[in-house]
Amino acid sequence: MAINPHPSNIYKPLKPLLSVENIRKQYVQQIVLNDLDLTVNEGEFFFLLGPSGCGKTTLLRILSGLLEPDAGRIVLNGTDITHTPAHLRDVNTVFQNYALFPHMNVFDNVAFGLRMKKVSETKVRENVTEALRLVSLPDFSSRMPSQMSGGQMQRVALARAIVNEPSVLLLDEPLGALDVKLRKQMQSELRQLQRKLGTTFICVTHDQDEALTLGDRIAVMNKGRFEQISDAHTLYNQPVSHYVCDFLGECNFLEGSVQQATSTGCRVSVHDGFIEASAPGFKEADQVTVGIRPEKIALNATDETRQNQLQAVVSERIFTGNHYQIECITPAGSHLNVLFMNNGSLELPEQGASVQLSWKNEDTIILPMPDKGTVNAS
Amino acid sequence: MSKFNAGRFFLGLHAWGVFAFIYAPILILIVFSFNQERINAVWTGFTLDWYRRLLTDADLLDSVYNSLVVGLTSTAIATILGTMAALAMHRYVFRGKKLFDAILYLPIVIPEIVMAVSLLTFYVFIQLTLGLVSVIIAHITFNIAFVFVIVQARLAGMGSDLENAAADLGATSWQTFRFVTLPVIAPGVISGALLAFTISWDDFMIAFFTAGVGGTTLPMRVYSMIKFGVTPEINAISTITILFTMLLILLAVRLEGIFKTAKTIGT
Amino acid sequence: MKSLQKYITLGPPAIWLGIFFVAPLLIIFVYSFFERGIYGDIVYTFSLDNYLRAIDPLYAKTLWRSTWISVVSTLICLVLGYPLAWYIARQSAKMKKLLLVLLIVPFWTNFLVRTYAWIFILRTEGLLNNTLLSLGLISSPLEILFTQTAVIIGLVYTYLPFMVLPIYVSIEKLDRALFDACRDLGATSWQSFKSIMLPLTKPGIISGCILVFVPCLGAYITPDLLGGAKSLMVGNLIQVQFLAARDWPFGAALSFIVMAIVLLLLFAYARWGTNNFDKAAEAK
């Protein structure tokens, strides 16, 4: 299904590890999780992505055992753990605000889980030292959490969880509390750590960049449902709903109806004329939304392969450092944004200038009208 | 601009004036406890006589002993019960939780005299002989509220993350309490206990109504001394009381400070 | 398992408070509808007489006086406390902390002792009169002790921190930029105080007033030690019913009237935010 599968997916044989079946959670009147189904594979870096209130944290808490679902099952390694309390689950969590024990030093924090399992002190010492080395904090054993920076506390929280060698590591907005620079650095460290350990990571975030950068697969959540579960490329290039398309990156939307449909693509009629797409699965007279990503549109290109063309006038030019954003209006009144790199390859059009916008058929995204929420697990 | 500074000056003057108003009476008491003159408030020379006399006042020493017994016993029991109440409110959902919350605050806010007479009425009703025990029970009752308020604030500051983390790492609920919750709230529990002891040690109203024969506490003794007439011995015993209480409070404030640093990490 | 833990934790304090706090209050509530027998015993017949007696001029006078003394004390606390809170809020963080501790510490010292200090100062042959006489500022001693003035001094002295703390919190919460913005828009200090600071710190002021008024109304020791026969407050009246007149039902009715007023005020207060209250409760 995936057009450009992520390298990490190619080499690993997919072996299901954790499955969520018909999980439902409800508070008073509000359904927080609506009959969710999900399978996470061994060694996968899996993301639950969505805005706050979409139910992602609730699902994470159900997986960790801190919350019980109203219905459904959770199976880990073939064992039903739906009603296993948190302290008996082979799952550990890195909490959003780290939740380091303030009265214990780093060593005791990391050793906590092992000591609860009554592991011998020599083994504790060995494993804790190794865990601290893995998160690059080998000399921090005797520090108190109060003497550490956010990034360091984050690593301790990681070490405290991985030292228990859980089957699944849950991360709740792990980088949310860090500043932008540190977040980038921690992203790559997190990725390396996950590769090295081969442990399944399930990470909750509202940050699409983080999910796209790190995730082998991503589940986009909306109002207690999965909108789409797929790898980053598919999600971005072939979103199945308006919601997913809008949530990940930017997109120009035009409304229209399918005029002609074939087994390989379709032709959509919009205010500005006709737009062609190589998206199958629609039939004539379907009401649809057409999406075109701003960076896929070329300005005044002579390239023959760009079958879709629209005339427009530049209404605004915005410089954002590495990019130019050009806002255009078509004669029919549609607004389209175009994004291109600040690399000198193109002459910047003046405000009010007439331009030709063009893009390829396969870059046209065709989406059903928003009210038809479809669930597609790939 | 100059007007602004003048305003500032008077604001400062006022503030330090108020602090003088607060501290002067206490300092005067302390100073005059070392004064030789017995009747008039005129300084005639330094003496430790009044303190020496306190040591030979058997009634006074008895009342100190009673106050210590009442203070220590009621503090110990109220600290346990108050902490339990705070934990229950923190952890569990139960019917009548809001009502229980209100009842926990009520002993702090209703007038002391109302609490005193209601307890007296109750003791007579159940035919409990008034004595030291009745005072202890009364003190436990209002001290539960004070310990609760302090410990609950600590628990609220701690949140539920740490306890969740402990459970996640394999701790049973008892282990979570023993290794995480208790150590983290311990400074709060200790300052709650210090507070409870101070309040018990200082209480006159409740003891006045609920103590029977042999239950005279130090404040009751001081009260009857004051009623009898102003004497330098009262100054002396006041000074000792003031210094003792200040010591306890500074200790509590100290612990509070230590706790606050712990709290900022925990949340 | 979980519910067992719940009952073990909740049970003991709940049972204790049920028996030794709620039950006694219920008992005096019930008693307040009974009548006093000839020998100070209790006659178990329902009547509203005790509540009616409370508004009899003889007793209403005391209730009225208590209210009056409490109102005056509260206002004095406000006048003294607001500028002080303002001053503290404008200090550096370290100084703030120190001043707040300085404000609260004496509050913790023995109530009796602090009241006694004022007897020592105010009485006829006390420090104040001695000093003023020897300086020749007065020719005969001032009679302050055993008057309403002395009671008010004592109450203000005792409850001032209750006024300062909530006001301090509300000033502290204000954004300094508001004040600057106000000045920037051309307002004088006084105008910006009146139009910005006063309205925005109103919750603090109201909280402070309630927190001072409530304990003043139920005061017993202060009027007992500093006041005379003409400055008795309702607390003293209750005490007399229980320990001297042995008219418990009437005393119980008076207690309930005081408690009702107090709880009503606190209920009103709860609508002004509970934060300030917690602070003051801790301070108490």
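Per-chain numbering from 1; labels A, B and C assigned in written order.
As a convention for this text, contacts are C-beta pairs under 8 Å (C-beta built on N, C-alpha and C of every residue); 3 or more make two chains touch, one makes a residue touch a chain.
Owing to the predicted nature of the structure, the values given are computational and were not obtained by experimental measurement.
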Q: Go through the assembly and pull out the chains touching subunit B as well as subunit C.
A: none
Q.
Among all chains, whose Cα centre is located farthest from the one for subunit A?
A. C
Q. If you average all the Cα positions, which chain's own average lands nearest?
A. B
Q) If you average the CA atoms of subunit B and of subunit C, how many Å lie between those two points? A) 17
Q. Between subunit A and subunit C, what is the gap in Å from one C-alpha centre to the other?
A. 58
(Q) Help me check something: in the complex, which residues belonging to subunit B touch subunit C? (A) 3-4, 7, 11-12, 14-15, 18-19, 21-23, 25-26, 28-29, 32, 39-42, 80-82, 84-85, 87-88, 91-92, 94, 100, 103-115, 117-122, 125, 137-138, 140-141, 144, 148-150, 153, 173, 198, 201-202, 204-205, 209, 219, 222-223, 226, 230, 234-235, 238, 241-242, 245-246, 248-250, 253
Q) Once bound in the complex, which stretches of subunit C touch subunit B? A) 2, 5-6, 9-10, 12-14, 16-17, 20-25, 27-28, 31, 80-81, 83-84, 86-88, 99, 101-103, 105-106, 108-114, 116-121, 123, 125-127, 130, 157, 160, 189, 214-215, 217-218, 220-221, 225, 235, 238-239, 242-243, 248, 251-252, 255, 258-259, 262-263, 266, 278, 281-282, 284
Q: Enumerate the contact residues on subunit B facing subunit A in the complex.
A: 161-162, 164-172, 175, 179-180, 183-184, 261-267
Q: In the complex, go through subunit A and note every residue touching subunit B.
A: 64-66, 85-88, 91-93, 95-97, 99-103, 112-113, 116-117, 144-146, 160-161, 164
